Amino acid sequence: MPETTTSAPPAPEREKLTKKAITADHPTWCPGCGDFAVLASFYKVLEKKQLDHEKIVTLAGIGCSSRFPYFVNGHGAHFIHGRAVPLASGISLARPDLHVFLFGGDGDGFSIGGNHLNHGARKNINMTYFIMDNFVYGLTKKQTSPTSPIGFKSKTDPTGAIDQPVNPMKQLISAGATFIARTHATQVKHMMEMIERAFDHQGFSVIECLSECVEFYPDVFDPADPRKGGSFDVIQEKKWDNTPEDELRHDVTDELAAYKLAQLPFPGVFGVFYQNDRPTKNALEKKWIESTREKTGNASDLEILQKTFDRMK
Amino acid sequence: MPETTTSAPPAPEREKLTKKAITADHPTWCPGCGDFAVLASFYKVLEKKQLDHEKIVTLAGIGCSSRFPYFVNGHGAHFIHGRAVPLASGISLARPDLHVFLFGGDGDGFSIGGNHLNHGARKNINMTYFIMDNFVYGLTKKQTSPTSPIGFKSKTDPTGAIDQPVNPMKQLISAGATFIARTHATQVKHMMEMIERAFDHQGFSVIECLSECVEFYPDVFDPADPRKGGSFDVIQEKKWDNTPEDELRHDVTDELAAYKLAQLPFPGVFGVFYQNDRPTKNALEKKWIESTREKTGNASDLEILQKTFDRMK
Amino acid sequence: MSETPVQPGNGDSGGAPTGATTATSGDVPQVPDASLPSAEGAARTTTAALQPASPPSAGAARTAPAASQSTSTPASERADLRPENIQDAVIRLAGNSQDGIQTAGAFLARLAGRSDHDVMTYMTIPATISGGPSIFQVRIGSGEVLSAGDEADFLVAFYQHSYQDHIDFLKEGGVLLYDSDNVEPNFDDKRFVYVGVPITGLTIEALGGTAKDKGKNIFVLGLISKIFSLDVDKLKKIISEKFAGKDQSIVNTAMMAFQAGYAYPVGKVLTHQYRFEHLPKTTGRAQITMDGNQALAYGLIAGGVRYGAGYPITPWSSVMEALRRELPKYGGIFVQAEDELASVSLALGFSYSGYLAVTGSAGPGISLKTEAIGWASMAEIPLIICNIQRGGPSTGLPTNVEQSDLHQAIYGGHGDSPRVVLAAASVEDCFYIAIEAARIARKYSTPVFILSDTSLATRIEAFDEPDLSKLMVDPKPDLSPRQTFKPYPVDAITQHIPPGTRILDGKYPLLSGLEHDEMGHPTGSPKLHMVMTAKRRNKLRKLAEEIPVPEIYGRYICATSIHCPTAWKKSSPSSNGSSPWR
Amino acid sequence: MSETPVQPGNGDSGGAPTGATTATSGDVPQVPDASLPSAEGAARTTTAALQPASPPSAGAARTAPAASQSTSTPASERADLRPENIQDAVIRLAGNSQDGIQTAGAFLARLAGRSDHDVMTYMTIPATISGGPSIFQVRIGSGEVLSAGDEADFLVAFYQHSYQDHIDFLKEGGVLLYDSDNVEPNFDDKRFVYVGVPITGLTIEALGGTAKDKGKNIFVLGLISKIFSLDVDKLKKIISEKFAGKDQSIVNTAMMAFQAGYAYPVGKVLTHQYRFEHLPKTTGRAQITMDGNQALAYGLIAGGVRYGAGYPITPWSSVMEALRRELPKYGGIFVQAEDELASVSLALGFSYSGYLAVTGSAGPGISLKTEAIGWASMAEIPLIICNIQRGGPSTGLPTNVEQSDLHQAIYGGHGDSPRVVLAAASVEDCFYIAIEAARIARKYSTPVFILSDTSLATRIEAFDEPDLSKLMVDPKPDLSPRQTFKPYPVDAITQHIPPGTRILDGKYPLLSGLEHDEMGHPTGSPKLHMVMTAKRRNKLRKLAEEIPVPEIYGRYICATSIHCPTAWKKSSPSSNGSSPWR
């Protein structure tokens, strides 16, 4: 990697990173939208981690959920619909010093952006990607989304959706994402835990967060919402404590076991489905650069190009 | 569906569909290219099935393999790179009387076209899709493809590929394709069997065929090629005969078992990984049309639109 | 519509789309949004005002109510209560979008349509995700209405922000009707007539506490009906039709709110009542009332389009939603695809299969369709692409109007990729242009763009009911056998034939995005490429010979002239109610 | 290069790209492919021929060999064997692409470069998937070479088809060197000098049976070296360099083949030998020899581009392959993405992160990048987009040259999305234009297109070695803290600052594809939209003030004038070897 630092003039001492410092515009989301909880959890994790303010980068595609970067005071970009994974990939690959956070919806991620999600996952590009899944297109006002269940009545399926929805967990597991978790906007503590673990993971980390669209698909997540009397089954992870109970617990490195969990019917289970330490593309490219640079004897840019030109005389 | 037939003037009696009748230009593929075997098998299946000549439609994206339609004398279209699944979907949905065959390469199908593959699969649109997988970009002369193994030296990975490749079987299983098989260009009999079974299946049927690119990735499939002393392990499917051997055999309707087979290292196994009878989008849309038409009292187009306009007065 | 000839100059006004302004892509765009104050003077289009007989200052001369207790101010200078005849009024409802001002406005528009009046509406979509300040403006005229009006004759303000944001769009002498429960106007401003009504309180009173303030829109409708002497029976019928199929209590509530508004003694605070002059229609056809996107969708159906595919985006979505809902009735299918690349490809599949299909989007999605549209040019497949334009570039201003995609429509493709570009001029024209687009696409086996925009998409107009029995096109593909067939004859215009067609000489056609010979097989021959390029271009020359010279509205200032082979057709609203295309 | 001034008119010739022809998009395209017979007369550009001193008919006057046994025909009218001085020769090697004619031709080009000669090559890519008929043409000149030549002075035909397809491109009086083992010329055609050599047989003889006929290309190189009195030592050195690192036996085989060709007594059948005149160079700089895509890739590196992303497509692939191979040496990364949509987005991510990045493609892929390029315009992110054009529309003619994507480059985006469009005029210019593109992209925080084409991409030229020590740009992003920062100041040109930069007042910038205020936050205000649209446009006006007026080659016939705000810059080959941009 080219050096990313220039000799910076002395800057004032850092203050503590507060919620206030990272809060920007008041969110334009509808009152009650699940996305508020995600934002609140994100603020809390940032505060807890005390990251350098200028190294936080929030990115998004297009959608209600993708408005996220406007509500975080930090470097950020609001990109086009469905292509935020490659945008984030470029930033992640070029700038290992930054913390790359990506936010979006089910349509942005699994419909128009589905291919980029898969290829980002197989290449294992280092980033934390939060998919706020509300089973509907919110921003465009209630069309069927790739995660809308069969029967959902939307403007594009007035008599109920007929296409089998995407199974986000299955897609992520098969594509090769190395951290895959599922959480719920009403479970702020669980969500914060997932964000932290995703952030600590080196590689392509995705959290699907069920986040209710109160405007266009209210009450969809009832069964999973303890507040509304539903269930919220948390995955029990193996403790490797040699107890008989542990046999029944989930091994997050077991791809097939993760796939089996993904087969559970709605509302399914919550927590970490899969985690694995496959090398990131970031690391692999770095390795290639280092061995190549070594071969050139760590020559200067000018020397390398001059040598190449000498060969072309 | 609007009626697709018009009162056709009397046409001469049909002759038998011969290989000659369905053969067009001499293929421009390199001598020895695996794709020749696919073409030969396809001719044979067509001959065997004795389909109506005019109802055979061959379609493709862009790539060496995607030149296929030029070599079949029949209605067909050579589309753009990566988008042939939706093109074929349109034809399949509008014209249930046609036999829709789609051909393409690993780059066309899993790289640029990966999202369409997934969504065609989940919607279960009726077609037979043949992916000639040579682990390389042939037509553009040796770049890394999404199925190139790690270490493959290509023009875009001069020191060897570093990105984990796509696992075609995993992707297709998780996306929801309802017929998924794997075969090999040196195994013409097996390939023909797969084509026939895919053709007989109602739904989104995909066959991955390992097809050697003799020009840019010669000998890649050795281990799987009995002709070259390799192995070609065929999946033993359950016979439901209540024998103890049958326990060990593969249940093609078992998604998790299929996923497990997909985890086997290269060259893996060949045959049908998965098959399932989920309703096709073709059938679901038809059902909707029929119930809607019933509600209108099967009125004429003019009557329906006039009624609508009357309501807007 | 009346027989009044088109008034030159009016095409430049705010909400009305004009082809000419789109041609200045790259320049600072015209922002035809009513919330921008228009230039003083000539550009103003609202000619007939509320007081046709009295001097313009008559209203302004009336003293404003003395204090905040405006509702109880006695109408000291009470004038004659016999309604004045008027020819034209611009009524702006300013509130929040969740107040149902669109619904109330749409009722007014439909009533105008049923009363042989001309009507044009204008609305804004709030930038917030749901709810938020917005306006709905209705212009009703006894003559021809060519714009929704830059200024209002009559402003209804539900909130203080509505009053503040919109008072400058009220004409001098105009009437401000405001909810005295929420709004405190500045009575020092002597330009307007102030009519305060405690709308919120009275609505709650009428409907009972549970309704909160839902129903204010219908209460106001009652008020307006009284002030403009509207046909109450017709209006009530329209309201009940709207809620038909819903719970009867909904209709009842609406009627109660309406009645309360209508019964309010507005005459105590407003000395005038108005009545739209009735000019009997000469065409003898009833009017239908709809917005531009509806007209486009129904035009496509009339033109024989039974298949399509799209992906949601504002302001295109309502076209696809209408088609998804309607097409099954006609045996067709509209597919919501995973993205725009898939949707144009699906549409091409439909077209290839013999059913001319439609796809569409706004700018961002059209950009994504570019490659596949080039295939349609090269493979010569009929296709209709609707671009319901919005503010650009990039995601731009998703809910605002702009017409800045013309260059892309014409020049957007790589290589020499001829296509036809049509632009609709009015809601009625959206209907006819769709039929025309379908005709051209089929006849010339070519992609055809239809350009519309946010304003046209969402505005409501009334127009003479089309004669469907003459217009409806049969979508059935012709599968009759051919002796022999060349998909790309050098000496004739390509005619697409669908698969399923027997070719008796046994030589089947291939459609190709590679340069090809007459049978569709690839060629690298520069000579053949020249011939085929000319062939693809020449069919648009043929088309150019066939279409009429565009009518020009207003001053035509255009930085770029449109070059052949791209046919640019600025469609015009018909002045006699018949399709300009027949 | 020599000091010879640019010759007007030469820009119109076959292989040379000209900006002017691209502007006729929609018209029947100019097909600048050497396999199309060019119009007779004025357009011919090969002025100096093989026989500068003798009358043009001198060659033709020589009798053709009597019969098929051409190799043994005694050179009855043997002339003086002292080489004639020539200034210019067009040598066309016609065979199959697997014969290595590109390699042989590239050796000739490099030799010319090292010998202070000017050189330009032209090649065709076979339409078949691998192998197939192709040509490689080398024009060497002692003066300035401005085209690769429409006609050859010297034709080498390996096969009968090579002879048949290319004999009409041999000038009257030109020399046909043919493989008498494979070719039977028509000796009745008295226009040419026939030199038959049993190339296949002699190569096998020289290298032994196992080599089959591999090595024919190097054998022919030996023959040509003799005929044109080339510097054998230099040439041998070039050959060994090429195979450096490979097995020594490969070099040995090549030397044996070369020696066999050089030793062949060609003087028995060809009475003339030639020698390129040596005009001593005045710049004092050595020449480097490469093709246009290489020059582009190295220009990007010199311009400080360290990151990029792409997806393979002919003829862009070789740029990305070079960058993928080279960038790690400089600490950078080039990503092969899953498609063009991803690759432009990755490149924007790189640029956003502080490293100006490149993406590229040919027409089909550029069409797919349209939407994201619009984001670059709106969010004001620097980006370089290379379009190595090929025959269009759609998949078109993937291996043929055409320049039909200019309109798309300028007008392709939806909305008012200003971008800069540069087009390279020569191989040397590909190098400098890349540096210039990088400079403009950074200075104006804008997307910049570089247009090249198949012909320029694959042709080899020699040009004065650039002074890298003066040209190299440091790619390091400036992350020094700022007191305060506005990403979109209304009164200044946007300057992108990358994440990682501390903003001391605590207000961080957001980059947005929505219309935005100065801090990047969304607005729906038409007024602000006008201001921001003007802001984005005005920076290109500033650029237009800064760049020189383009030099014009040939007659400039242009159907469309290029409007501001899109700056169109037709770069010109420098006539004194220095960058026209400094």
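To keep things simple, chains are lettered A, B, C and D as they appear, and every chain counts its residues starting from 1.
Just so it is clear, a contact is a pair of C-beta atoms (placed from the backbone, for glycine too) under 8 Å apart; a residue touches a chain by one contact, two chains touch by 3 or more.
A quick note: this is a predicted structure, and the numbers were derived from the prediction, not measured.
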So the chain most remote from chain A by C-alpha centre is D
Set B-C beside B-D; more C-beta pairs touch across B-C
Whole-angstrom distance, CA centroid of chain B to CA centroid of chain C, is 43
Distance between the CA centroids of chain A and chain C (whole Å) is 40
When centres are defined as mean Cα positions, the distance from chain A to chain B in whole Å is 32
Within chain D, the set of residues that touch 2 or more other chains is 127, 338-339, 341, 364, 371, 375, 379, 394-395, 512-514, 522
Touching two or more other chains in chain A are residues 78, 80, 111-112, 114-115, 118-119, 146, 285, 288
In their shared complex, chain C is touched by residues of chain A numbered 28-30, 62, 64, 67, 78, 80-82, 111-112, 114, 137-141, 143-144, 146, 155-158, 215
Residue set of chain A touching chain D in the complex reads 1-6, 8-9, 11-12, 21, 24-25, 53-55, 57, 69-70, 73-80, 83-95, 97-98, 115-116, 118-119, 285, 288-289, 292-293, 295-296, 301-302, 304-306, 308-309, 311-313
Interface with chain B, chain C side, in the complex: residues 110, 113-114, 241, 286-290, 294, 298, 301-302, 306-307, 309, 326, 328-333, 335, 337-339, 341-343, 345-355, 357, 371-372, 375, 379, 465-466, 468-469, 472, 475-481, 498-504, 506-514, 521-522
Listed in rising order, chain C residues that touch chain A in their complex are 127-131, 311-314, 317, 320-321, 324-325, 336, 338-340, 364, 394-395
Chain C contacts chain D in the complex at 25-29, 31, 33, 35-36, 127, 341, 362-364, 366-368, 370-371, 374-375, 377-379, 389, 391-400, 402, 404-405, 407-408, 410-418, 512-515, 522, 524, 526-527, 529-530, 533-534, 537, 559-560, 563-566
